[in-house]
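Contents: one structure, followed by commentary.
Lettered A, B, C, D, E and F in written order, each chain numbered from 1.
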């Protein structure tokens, strides 16, 4: 069993808030992350897949194909976008790094299988000091 | 003459657009950076000051004071904010990294003098691949 | 189950030595790391906690609170200090990165529980080339 | 149980190809990574070992010794070399990061035991965007 | 006057040698960098251009265009290639980082002018410990 | 004219204080950096030299020789040492990054000339947020 990781990046705006809260309540619970005029991040996404090395190719997976997949299914939908307003797989969801990591996992899981590997981990950096890991 | 640099960081939303353009025109000129729903970045700001080492303290400047200054004059006004809508020193300005670097210089210049040093460079990273330097 | 990591940093002096060894013995076993006049490091500390995402907040844990906790329980006691002489939770212990990681775990474990999460990993970099991980 | 990691680096040339393929076939399957005139990388190697902290030394393992071991068994054989042509432990093997990680594991495994620890993970970066982990 | 920098990357094989030297002489002068079977690097290229901010666009230069230019004129010709054998703008030249930086400058200089800016610096990292800067 | 930079690293303990101050006065002026029991850093040192590319070698300078020089003249004297107590070229000097950068310049200047290049800049990082540059 071997584990391969591909890094991709996206820049997006977001806001932490609950629609059943007033702006004042959101501000008390989520602080400046709840700014109604949004803020944003350079997100770094590490996608790790696992499986056996294919004796035919010497690869577990073609990393070019994994990169194309992540770009098609995730990056094109979220890069230079507003996570709360414009990203189909985040519709109706809370825009925290935790929830976003789980949503990215759900978007990728089946597609990774179709490449002949298994999704192992989605690791998402919101900043150099904060990151989330989700293993399904 | 010695040069000292302090790094600070802020996360903000922005959008590249001209109010005298339609959304369609803005999109043609500025591409996905003109998304009307905003996007955002983790900005990295490097402020370099220069001067003589103070023989009394062995310092050019107390870096704690420089950090406090940058936080008071820049970071508190822009961190977790929308650069186009909420930052007083960017009011009416185009929200590019170039223009933002110049505006940060103008905010800092006099204050650095009052600390006994001279502002030398404002270096601003928008991403790991893009940055701007302004020397006044 | 989701994993969240917060990075904090501290600068400290230390020395590798055993009080039942002579300086000569310490030097033979621990090399230049045993310099009686101390040396020091910029330590990077990654604290990973795990748990379920709280459906109320969309968070596992408020990272601001985790950061405050790490600062109160660890950073304020060790930053700009001598690990061998001044850090209460290292009293009488060998000042290696291994032992320090375990001591940091012991300091944090109960406090993380009180935030509603579980401590998963303490990862401590002594330099860009050397780091230790402890999982309890 | 504690985990310690040592980072080492090497620069090497390689090419992805199968000797039973024509250059045209290799190019179709492996793309520009199959360039017959070679290309190369700055590889970053992270070797993680695990075990109990030795109560005598306060160490799991002397990192200097681990570094010397990795240099003797891996770096001296592969640094500034052609992985396909000159590295004894890659003879007859496909020069992918996956296969290279497994080969490095096999080279190190017994030697790490002789230092009193157990090999836990070989992590190999081919670029800032791609890396492989192997756990035996 | 403002300075903007774009980072691009390429992976390539090379060898330091003079054709009028024997392999033994090359080895004596250039050490392991002269390995006849090549070695390689992940090069990081920082291209800095300077000029006035265009009041029409708020840009000095469209960084997308600068990136496309660097890719067309440099990266496509050198990425996953052998610098000594396959790169037209290095034909007959010594494949050191110094000479390569100057050659990249010469390739870019006129093209940057046609984008309405002036080339200021080519900075080329061969490794995390070594880099070259050329200002024309 | 071309500029080449070599990075080296050292770990050291230090303390900011003036011997004509009481501990209380030192503490008021220099804060926690004046801890009488010392603290320390992983310093990163970037030495930049300049000159013409030697047409004979294609080099400005052999970076191996520059690295050996920096190690002999600086690193061996300061790595794993106490800057205030044990470093000959800092004897009687204030142990700030500013003063240390100037002292490193003075140690290196003549030696760099003897390698056939000219010292251009000493850049010294005390932490990821603070660094000093000295150009003579």
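Definition applied: contacts are C-beta pairs under 8 Å (C-beta built on N, C-alpha and C of every residue); 3 or more make two chains touch, one makes a residue touch a chain.
Just so we're clear, the structure is a prediction, and the values are computed from it rather than from any experiment.
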item	value
Chains touching both subunit C and subunit E	D, F
Path length in steps (a step moves to a chain that is touched) from subunit A to subunit E	2
Chain whose Cα centroid lies at the greatest distance from that of subunit D	B
Far-end chain from subunit A, centres as C-alpha averages	F
Repeated interface matching B-E, over half of the contact pairs identical, chosen among A-D, D-E or C-F	A-D
Rigid-body rotation angle, subunit F and subunit A, from Cα fit (steps of 5°)	180
Interface with more contacting C-beta pairs, comparing C-F to A-C	C-F
Inter-centroid spacing, subunit F versus subunit E (mean Cα positions, whole Å)	29
Of all residues in subunit C, the ones touching two or more other chains	128
Those chain pairs that satisfy the touch definition	A-B, A-C, A-D, B-E, B-F, C-D, C-F, D-E, E-F
List of subunit A residues in touch with subunit D within their complex	1-8, 48, 53, 57-60, 63-64, 67
For the subunit D and subunit A complex, residues of the former touching the latter	16, 18, 29, 31, 93-99, 101-102, 128-135
Residues of subunit B defined as touching subunit A within the complex	9, 11-14, 32-33, 35, 37-42, 79-82, 85-86, 127-128
